[in-house]
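Two complexes come next, and they have one chain in common, subunit A, joined by subunit B in the first and subunit C in the second.
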Partner chain A sequence: MKFRSKIIDIGCLNNFTRVVTTISKLTKTCVLRLTPDNLYFVLSGKVANGGVGMWCELSQANFFDEFQLEGVSVKANEVCLELAPENLSRALRTAQNAKAVKIKLTKKHCPCLTVAAELPTMSSMSRVVTHDIPVDVIPRRLWNDFQEPSMPDFDVSIYMPPLKIMKNVVDRMKNLSNFLVIEANMNGEMNLKIETDLVSVTTHFKDLGNPPWGGDGSQHSQGDQETMVQARVDVRKLQQFLMGQQFNPSKAMCNIVQNSILHLILLYEDVSLQYFIPAVA
Partner chain B sequence: MPLSTQSQADEAQYVLVASLDNARNISNILKAITFKDHAIFNATPNGLKVTVEDSKCLQANAFIQADIFQEFTIKEDSVGFQVNLTVLLDCLTIFGGSTVPGVSTALRMCYMGYGHPLTLFLEEGGVVTVCKINTQEPEEPIDFDFCSSNVTNKVILQSESLKEAFSELDMTSEVLQVTMSPSQPYFRLSTFGNSGNAHYDYPKDSDMMELFQCTKTQTNRYKMSLLKPSTKALALSCKVSVRTDSRGFLSLQYLVRNDDGQICFVEYYCCPDEEVGED
Partner chain C sequence: MDCVVTGGNVKVLAKAIHSLSRIGDELYLEPQEDGLTLRSVNSSRSAYACFLFAPLFFSRYAIPNGHGFRCKMAIKSVQAVFRSLASLEKTVEKCHIELDGDKNRLTFTLHCKHGLLKTHNLSFQDSESLQAVFDKDSSTNVLKAQPRVLADTVLNFPPSLEEVTVTVSDERVWFRNHVDQEAELSKAMLTELCLSSDEFDHFAVRAQTSVTFCLKELRGLLVFAESTGLPISMYFDEPGSPVVLSVTDSVLDGNFVLATLSDEPCVRQKNPQRAGTSPPPSDDFMNDELESCLIAMDNSMAPGPSVTEAVSAAPPRHAVSPPAKADPRRTTNSEPEEESGEEEEEEDPGRPPNKKFRSLFFGSVYPTGSPLSNRTMASQKVLASDSEDDT
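Entry: the complex of A and B
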């Protein structure tokens, strides 16, 4: 098992830092899956995580100037590590004006992801700051838990409203209720609703548009375009997802399986992020 | 239900309809009296009065005149109800209560009468939110019986000068002592805290003093914990009138200018702190 990589471009470094920071706001621990072409940050939708799942995919070529990986074996050319993304985010943030950042897998007193930032100096002496981030190497027999989740057979798929507006609304709704109903139809309409003993609040978004998913997407006929499909979710989980977003994605989509799951997809230029929130009764 | 598709039938049933182009004009002033959840609303053709009370010793009133609203229709002489103020404020700022110029939340507030919820229609950037806030039986606000004919001492100050004093007040002091007098020290705020006593004196001919009408030397103490909520109103205001009556009751009237330059009033009444063990 061997992994070493290097980022020189400051833009790439900023982008990678931004991605890791976003991930760190979504979850305390996650799995980093490294393949020769891609990096994945994965949270499997286990009960321990409250059923929330995450899948974030980055193409290494978009970020790294050097990327060498030797996996567990030739056949399984991958490395799977469990880490706290906050640690990686913090290490990268201190390296914001670095000339180069090296990230490699090392064996110290425990397995570590070592981030070495070469900082600019006035003299000829080089200055390197090194962070060792402890990781757990995930054995191969458990890899199945961290495969790409299959696209749920959703009942409705819709583009999301501007995330900042949605965040404001969800923030207030969280003050009022623990649960939120999100509903949408194939006519570009989405509603966010809460209801308590004191108050009921509904926010209506319209003209959002529905993504074209080819033939195998939603099987809705023209007739029931207006039918609302809903999922009741924990407000905090939705809020956490919205809080983590630092930049507007090029596309934000929301798929709902009636009373079962809320599937959020954000597409950025060089990153894709999927987030799964289970519905509650 | 978007604003435009509201049926005429519904419209006819409302006893109170109030519309505002900028919901901040009402949310800001309500923030100035938010120290307890229960707020008593009383609407008359003159406008809206919102009352919040604490411990039967403190009362805050916000007055929002009818002409602040773009539309203010009331079908009865007086309409009263009680709602949870924290919930109302969360609803009014559902879109974040943005302070960016040019971005504002339009509000339409409707009430169908006794037993019905207070319905808010809010719109910003084409997104509509409908809130139905359950109402309760309105309680009778305490009558502090504070008449202007009984006022012993009165000063009007630029809020700026009082903000400074209040931000530096020693909060370890249980009481704030207010001395008003026709002679020295004219207008004095005193605290008695852990680290000693402090006095803030305002000369009567200060630029900050707009009016000075003190007829008798009066020294009263007020619980700091009761006065603390009034600093929210002070922060928003541009002028403040401080009055005491012959019983030592304190009246603080704040003049608040909203985003559109209109004027609203917030008023706090506070009972003096009685000395324990005094006969």
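Entry: the complex of A and C
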């Protein structure tokens, strides 16, 4: 098992840092899957995580100038690690003006992901800072838990309103209730609602547009298009997602399975982040 | 006492007080012939800081004749005087510090623009003067760097990090975060930073050592050093003896004395034996005719024993002077003045084990000009030991 990589371009470093920082805002620990072509940050939707799942996919070629991976075996050419993304984010943030950053798998006191940054100095010698991030190597028999989640068979799919506006709305709603109902239809309308004994608040968004998923939208009749599909979710989980994201995504989509799951997708160039929030009764 | 600080020096004074507030809760203030000293010490006596502002720092500096006056007060109340550094810089033209002997008040008057006067009357307590005895000039290793260099270094460590280990070789310095429990080792991110000697203004390493001390106080001093642009010098010896961080210019002098961890695990293992085998120390608390106020403290997680309790209830049990720790100063020192205040922590099984034990000994303090003071300074040195409590 070997992994070593290098980022020289400062723009790539910034983007990669943004991705990792976003991940770190969403979860304390996650699994990093490394394959020869891609990196994945995975949180499987287990009860321990409150049912929240995450899948973030990056193509290594877009970030790394060097990327060498020797997986567990030739057949399973992958490395699967559990780590605290906050550590990786912190390490990368200290390296923002670095000349080069190397990320490699090392065996120190324990298995570590070592981030070594060459920082500029006034003197002729450059300054090297290394961060050893302890990781748990996930044995192969557990890999199945960290496969790409299948796209849920959603009832509605809609583009999200600007995330900043949505965040402002959700931030305020959070003060009134612990649960938020998000509902949308195939006619580009989305509502965010809270209902308590004292007050009901709804924010309406319209003309958001619906993503064309394979063009099977035609099967919906006019009546279907206006039918609202809803999911009641923990408002904090939605807020966490809206607050933490530093993607400035080019596309943000939301899929809802009636009373079952809220599936959020952010796309930025070729980084994709999927986030699953379970609906509560 | 009657002093006036004007212009940019007000900010310097304010920054000094802010950095002292990182150390302890009380500010010890003592006007002396050679300037105004401001001191602070933390509750565990493992960190001490002192600023001396020379008379030239002030545009007026007058001190009471005769008996030396000194006092202490809550540092928070002094900080309140200089709360907003930004507005201080813009609006305050001068600061007048005056002792109102009748009312027992120390008055800070800020003369601001447009004739605005802000007066703070602070109550104070009389105090013993506080003086850590240290001798930085005989340190084996001296490093001097611009504050920027150290600030950039410290930035690489998480704000929550408590201790940092500094290792020196002939031409390099390593900063590492210190993780003191094995269990944490597999969880904590270890950060290491290597600086080459040419990043330093002065780099004199005579012994390759490694010392561990608290980052908080260094951060505090950095705030001061960065705002004044003064380089920081770092004086240190072997692990267990204090590290002194200092800033100096023509009108001020700041010294931060920090305890260091005595690193070897063998020291930990030796402790119980030593307690049994070594002769009882000459107890400075009891028989010091000079009434030195040596203070042994602990900052273990025990629910805060007060200063006096710690002193009276647990006099040092054993002297720590392993012969291996040859100290050049000790050879000239006939009296066994040094000892570490290692108190036995009563272990409550329900409580998490004490993380560590620290103490710094303070030389006692005499009124300035006392013939004894020099002698004590020479014969006692501050001993900082910071060793793991074996559990």
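Just so we're on the same page, the second predicted complex is superposed on the first by the 272 of 281 C-alpha atoms of A that agree within 3 Å, B and C clash if a C-alpha of one lies under 4 Å from a C-alpha of the other, contacts with A are read in each partner's own complex, and residues count from 1 in each chain.
We take it that a contact is a pair of C-beta atoms (placed from the backbone, for glycine too) under 8 Å apart; a residue touches a chain by one contact, two chains touch by 3 or more.
Note that the coordinates shown come from a computational prediction; the quantities given were computed from them, not determined experimentally.
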Which superposed partner A:R140 touches (first subunit B, second subunit C, both, neither): neither
First (subunit B), second (subunit C), both or neither touched by A:H204: first
Partner chain(s) touched by A:L176 [first = subunit B, second = subunit C, both, neither]: first
First (subunit B), second (subunit C), both or neither touched by A:N168: first
Touching residues (chain side subunit C, partner subunit A) in the complex: 149, 152, 155-156, 158, 185-196, 198-199
Residue ranges of subunit A in contact with subunit C within the complex: 84, 87, 90-91, 94, 108-110, 112, 119, 121-125, 127-134
Complex contact set, residues of subunit A against subunit B: 161, 165, 168-169, 171-173, 175-176, 197-207
Subunit A partner contacts - residues on subunit B that touch it in the complex: 2, 84, 86-87, 90-91, 93-96, 117, 124-134
